[in-house]
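First, the structure itself, so that you have it in front of you.
For clarity, chains are labelled A, B, C, D, E and F in written order, and residue numbers in each chain start from 1.
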Amino acid sequence: MFYHDKQLQYKVRVDKPNPQFARALQQAIGGIEGEIRVCLQYLFQAWNSRGPVRYRDMLLDTGTEEIAHIEMLATAVCLNLEGASSSVIDTIVGNDPLMEKIVGGGDPRHYLSGGLGALASDANGVPFNGSWVVSSGNIAADMLSNVTAEATGRTLATRLYELTDDAGMKDMLAFLIARDTMHQQQWLAVLEELGHGDMRGVLPIPNSFPQSQEVQEFSYAFVNTNIDPNQPSVGENRRWTHGPSIDGKSQFREVKAQPLGQEPKLAPPIPQGHAQVEQMQHANEKS
Amino acid sequence: MFYHDKQLQYKVRVDKPNPQFARALQQAIGGIEGEIRVCLQYLFQAWNSRGPVRYRDMLLDTGTEEIAHIEMLATAVCLNLEGASSSVIDTIVGNDPLMEKIVGGGDPRHYLSGGLGALASDANGVPFNGSWVVSSGNIAADMLSNVTAEATGRTLATRLYELTDDAGMKDMLAFLIARDTMHQQQWLAVLEELGHGDMRGVLPIPNSFPQSQEVQEFSYAFVNTNIDPNQPSVGENRRWTHGPSIDGKSQFREVKAQPLGQEPKLAPPIPQGHAQVEQMQHANEKS
Amino acid sequence: MFYHDKQLQYKVRVDKPNPQFARALQQAIGGIEGEIRVCLQYLFQAWNSRGPVRYRDMLLDTGTEEIAHIEMLATAVCLNLEGASSSVIDTIVGNDPLMEKIVGGGDPRHYLSGGLGALASDANGVPFNGSWVVSSGNIAADMLSNVTAEATGRTLATRLYELTDDAGMKDMLAFLIARDTMHQQQWLAVLEELGHGDMRGVLPIPNSFPQSQEVQEFSYAFVNTNIDPNQPSVGENRRWTHGPSIDGKSQFREVKAQPLGQEPKLAPPIPQGHAQVEQMQHANEKS
Amino acid sequence: MFYHDKQLQYKVRVDKPNPQFARALQQAIGGIEGEIRVCLQYLFQAWNSRGPVRYRDMLLDTGTEEIAHIEMLATAVCLNLEGASSSVIDTIVGNDPLMEKIVGGGDPRHYLSGGLGALASDANGVPFNGSWVVSSGNIAADMLSNVTAEATGRTLATRLYELTDDAGMKDMLAFLIARDTMHQQQWLAVLEELGHGDMRGVLPIPNSFPQSQEVQEFSYAFVNTNIDPNQPSVGENRRWTHGPSIDGKSQFREVKAQPLGQEPKLAPPIPQGHAQVEQMQHANEKS
Amino acid sequence: MFYHDKQLQYKVRVDKPNPQFARALQQAIGGIEGEIRVCLQYLFQAWNSRGPVRYRDMLLDTGTEEIAHIEMLATAVCLNLEGASSSVIDTIVGNDPLMEKIVGGGDPRHYLSGGLGALASDANGVPFNGSWVVSSGNIAADMLSNVTAEATGRTLATRLYELTDDAGMKDMLAFLIARDTMHQQQWLAVLEELGHGDMRGVLPIPNSFPQSQEVQEFSYAFVNTNIDPNQPSVGENRRWTHGPSIDGKSQFREVKAQPLGQEPKLAPPIPQGHAQVEQMQHANEKS
Amino acid sequence: MFYHDKQLQYKVRVDKPNPQFARALQQAIGGIEGEIRVCLQYLFQAWNSRGPVRYRDMLLDTGTEEIAHIEMLATAVCLNLEGASSSVIDTIVGNDPLMEKIVGGGDPRHYLSGGLGALASDANGVPFNGSWVVSSGNIAADMLSNVTAEATGRTLATRLYELTDDAGMKDMLAFLIARDTMHQQQWLAVLEELGHGDMRGVLPIPNSFPQSQEVQEFSYAFVNTNIDPNQPSVGENRRWTHGPSIDGKSQFREVKAQPLGQEPKLAPPIPQGHAQVEQMQHANEKS
């Protein structure tokens, strides 16, 4: 079963709200390469696991971590939809009219259906679809599906990183990119345990993003989200918590999950969003 | 952020595996009135919450609890797909040919795509759809949507209860029905705090299921899933943790989340499911 | 069975065509909180009704009314896509760049697939989905689902109202908002007949929209769409046609449906839409 | 705008309830060749019509008629889900094991989600999808799309006719098949007005169903659903109301819509469907 | 079975890249009136064909041709997403602000998910849906469905033609429009063989596009894609390869498929798309 | 562009038609792990390829091969829906009631919508969805996605193999399984060219299916579908056409595509499918 605390896994800050970027971030929430997909995929693989138990545990750990990533991105969407008009940036990034054209406007449902909130949809407002959740019953097929999800997910994250010059957003994405690095490693580690899984030269995918820009502290750390403080969910002999990483660039290690981010605090509802009167009156109450 | 342990919130046991019932259970996992929907709906409402913070906390608590319900139901699907052929029951329940006809066969994708595992789909194999996740930015609309989800969800659970005479499945459903009772109460409690929310005569929906058959210990208990043992996520003055329940039938109370179920242990893969060789060889290893 | 006349239930006028607003209006046509959904939901609940007959009748009356709302909104979309270029307004409303950014451009399929016509889709072009049609067989669950649909629908309508300063559009929306007020009341009235359904303080949802801006003549009127002029479809003892409204703010009354709007007249096809030659030649013929 | 009465357009009777047939009928409700699709397609074409007005009127008339067909089929689904177990037929029709195998079991959501009610889905439970609603802005393309819908729809109806030997169901389908005959004719009549539309040898599609088995009174009758009794919605000079039919087999005529069927009366809820207590207690009340 | 060569069926050139137009083109790839749909529809009708074999052959020929149309359009999307910022045109076409507003921005997933590549989706990013593939088993219904698909498809293509003043894009569309002309003819020719199929006055749909702007060499030519050079897939007595066209405007003829276009050569990946390093280093290698 | 011949890539034979198996085969046509998905995925990756050209060529070759696999499976579905009732097998395979229960009945739309033809849908009738087509612009991510698709696809094919004891079906599946073996190899060969891609111990996935049961002649052969007989689409220095296979079990080789199967010949339409009269009269005509 599952637990939560009130803080984010990593800090989420937006200096200059940008509804266009809010729309783009939705791809990382509800798109086929997004976090709802990997979250449900890892959890279903865990729940459907018919052994060995070490893989069930590992999948539970990481599936649980991914919920926190959806949470971070949803918070980022909300923060990008806020603020005084004057602070809205005019262009996606720098002076690139091509990218500005491609990204286009925001998602009108952020206002119309969400009152300035995130949706369970992709960057075009297409809803998350459960067909993307692969749990095949064959662990090698599942692990490949997981590496793929992290490879396309990390590619997406690096593209989002290029779209913004907001320092807060870049920092959040640098963390998520680091986690995608590790997650690619750990699924390949299972393949190595089963036989082989060597992908040194191509890892992490994409290999064109400078790893120095990641939050490197988390690039090769397995995050253990089991609440039991005394018992690591995975033991000494796991390939993904000790020894050299699959790409040979670092050493694996294991850390207990703990929040590095703040308890999110969004701006109160705007009047034209027509929240309830009481919501607006008491929006800032602490309890 | 989020944490897990390895046990289920409540015990899940199947005495006589039944693939038809496995299919029916999918509606409670991936259907519009199912647990993935309420889980994501409460979490998105929490993440999008623009105050007061008490409602964000409450939504986080219950959204987190719902993950455990998906887990229980996925486990139940797996267990219903297992076992020696001889133990498979022939009819849905008793001798009701009408219901047997309506339910029809199982879901072939349980085997073809899942290797005897649960899917993120409904009872017809239609994938979960993110459009069902309502987070409107208006708390009264959201709370009504939540009560509706629990009312249709509880109706579904009572119908599943009627479909089976497997004692383990009936017990699991009796727990989930109790939780749906409480969840209807708590969302109405928010409406009462905001003004009114009296629905005494019609609650819990459906009112035709004998509450004596619920696991009544949990019918009016708010489950706090916050990992901080010293700090209740919700305080003394919450309408949904103290005082008489909305339906006037009991008293609200608050309990810390703790697992009452087992760590799930599924049967090893069947040969014709073509898991990896190593998976089948090491299926029963403990670590 | 069903009948029609050629006029709209209420007048639909657009002073300054705005393709962005046309796109936003699509949410009220084909979105989860839109009119196709409530129309089909009420009609399916009527057709599936297993008694008492008073609720079947009521659902038929209002389900039929909702078809007229789809018609009004489709007409509004068409009118917002028309007109000389010079009359197109530049911004969504006033000088709010945040909202302008969020709403973005129009829906290219309005031209590409529709030839300047409305679609059975939401504001992002995502098609209407029949999974949203809830008809559970439990009348309390159904009524809650109906109130929820009207609460999110009215919230949407008030947001659309804020997006435009076109007097014609504001008038149309003020009528639809009034109808959403009544529809919330009437479904709660059924709950009150069954037991309780008191929601005084939170009604109508959202309670932050000034009811003085509604077309108040219709805020508490049950519209009877039965063609039989001598026989009201619902009798004297209905909670939703007599006595104080559920929110205590007015008195219920019943009116026979009659058109207050015009017979719609759209501009002829534009040449670049490539209608048939004969269509363009005879577009203005009266018969 | 729209009106209704409480009777069906044509009588719907089921002698031997059959959940398998209920499932098959869903294709005619919520499938791509079903009645929700043609209903919305004709209405959107009417609402989007940019002239001439004669075609808008015609589309409104027939779009409105189609709502009554959804109603008939939903009623038929409900009646096929009813009744004492002993009256359920065992096979789809006659002794054809191939067809019995193909059709398979019923739709479990008829019970689980609907409490023995119809759904807005197809025969596999896949929800109706708004993308099927074609309204292109080019009247020739639209008319071809309409003939196609009626050709595939009539093919479906004849296959359903072959699947059952229930006299009531055969009679209902014989009526719907006749209406599909006429609807094919009338859309081709528009094409003839615009130029040519001769399809004598292939009409009505499928041409392998003996027209003697249709309810022939309605095979070439345009049903006028306009409530104004004095003014036909379409005048003397319409190709589809006078003169020889397009297939040369009969003469067109126009009739005012009037109900030939009963006011539907479904059986009360079954206990295991868990309707509200009050629903079951008062199910047979007349008002 | 199937074969390919490396050249396009017809040349695809983009002078001024335009991401807005790239988005609009997606409707012709993945929309309901697009090329994936007709490709799969004709191929499934061929594969499901239960005779006569002449129609199976014909469907195979044209279904195979349609793959080449998807290829051309995907290439066109890619080329519209390329190039130095300065060359991007500012408006959709001429100075039409209405159309500019309707079309809006590009599709952010072209960058985020595709790295400047085409998607299997429509102009709003809604994925292609297999439900659109009609193969009814009744050849008249199928042929009508095919004519409809080509009529709506040709209407779409003429609208795209109006949206751009890029000479390369206009030329490509003029070819596709010509093919849609022929395809409408050939499906009607089957209907004529079966009985009648005269639509002289309304063809080709839309009849408002000047056929002089088509690539007329291909407007009435049946393209035979069978690889056997000595054996035409269809013989002398086919209605769609000899004699006057259905619309009476020309003569049918048959040509062997051969590529008139180039082997596509796209620009190398942009750095912010984060392809693999090796991809960017070796992008221009010939082998 | 693309070409075809009239024969199948490999022979397709059904000894005992089985509608249940027809339904199960649909997963390999229109499911997420099916052939439409890989076909479009490889073709879109080719069309979107920004170099090097060797990978574009390779993707075109294999994407084109996959069309032939859809064709084989669609033919297999049609053949499984045919035949005299008496030849229909009663159970899925052997005497396994568990599997019989899971697979359930057939797909009613095979008859209702297809007249005994295949659909572009999965085993539950859920339509193929274009969102599954991954073309990320990063070749390593794409290759991983391709290996995953072949791993889940091969797992599916081995499960279908276990479901039947029809010799014809087993032979067809043994061929498709061999092709999936090779396709896994070849995408990994690209990864090896780019750096590493060693997966010896886990290949081919699933590794629990005895390769001796594959049609081994094709297990390590790259099929070149380019029509130019003199020019291999890929040269001497390709990793996937020469040298040891990635799994070390064999040697790669290249073969020109040529049909090993028959020209399909399906049974004529059944009367209750209501094809056109002329279709049934001329079903057996050769031209």
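The working rule: a contact is a pair of C-beta atoms (placed from the backbone, for glycine too) under 8 Å apart; a residue touches a chain by one contact, two chains touch by 3 or more.
The structure displayed is predicted, hence computed values, not measured ones.
Participant: So which chains are sitting against chain A and chain B at once?
Facilitator: Touches both chain A and chain B: C, F.
Participant: Determine the set of chains touching chain C that also touch chain F.
Facilitator: Per touch definition, common to chain C and chain F: A, B, D, E.
Participant: Can you check which chain pair, C-D or B-F, has more C-beta pairs in contact?
Facilitator: Between C-D and B-F, the larger count of C-beta pairs in contact belongs to C-D.
Participant: Please determine the option from A-E, D-E or E-F whose contacts repeat those of A-B, over half of the contact pairs being identical by residue number.
Facilitator: Of the listed options, the interface copy of A-B is E-F.
Participant: Quick check: how many Å separate the C-alpha centres of chain D and chain F?
Facilitator: 38
Participant: Which residues does chain D have that touch at least 2 chains other than itself?
Facilitator: 23, 32-33, 104-105, 113, 115, 121, 124-127, 129, 131-132, 136-138, 140, 152, 155, 194-195, 202, 205-207, 273-276
Participant: For the protein chains shown, what form does their contact graph take: line, ring, star, complete or other?
Facilitator: other
Participant: Sort out which chains touch which and give me every pair.
Facilitator: A-B, A-C, A-E, A-F, B-C, B-D, B-F, C-D, C-E, D-E, D-F, E-F
Participant: Considering only the defined contacts, which chain E positions touch chain A in the complex?
Facilitator: The contact residues of chain E facing chain A are 17-20, 22-23, 81, 83, 85, 88, 104-113, 115, 121, 124-127, 271-277, 280.
Participant: Under the definition above, what is the set of chain F residues touching chain A in their complex?
Facilitator: Contact set of chain F toward chain A: 32-33, 126, 129, 131-132, 134, 136-138, 140-141, 144-145, 147-148, 151-152, 155, 191, 194-203, 205-207.
Participant: Touching chain B in the complex: which residues of chain A?
Facilitator: Contact set of chain A toward chain B: 1-9, 30, 36, 40, 43-44, 47-54, 57, 60-61, 64-65, 67-68, 70-71, 74-75, 78, 113-121, 127-133, 135-140, 194-195, 225-228, 233, 235, 237, 257, 259, 261, 264, 266-269, 273-276, 278-279, 282-287.
Participant: Spell out the part of chain F that touches chain B in their complex, as residue ranges.
Facilitator: Per the stated touch rule, the residues are 23-24, 27, 31-33, 95-99, 101-105, 122-126, 152, 155-156, 158-160, 162, 202, 205-209.
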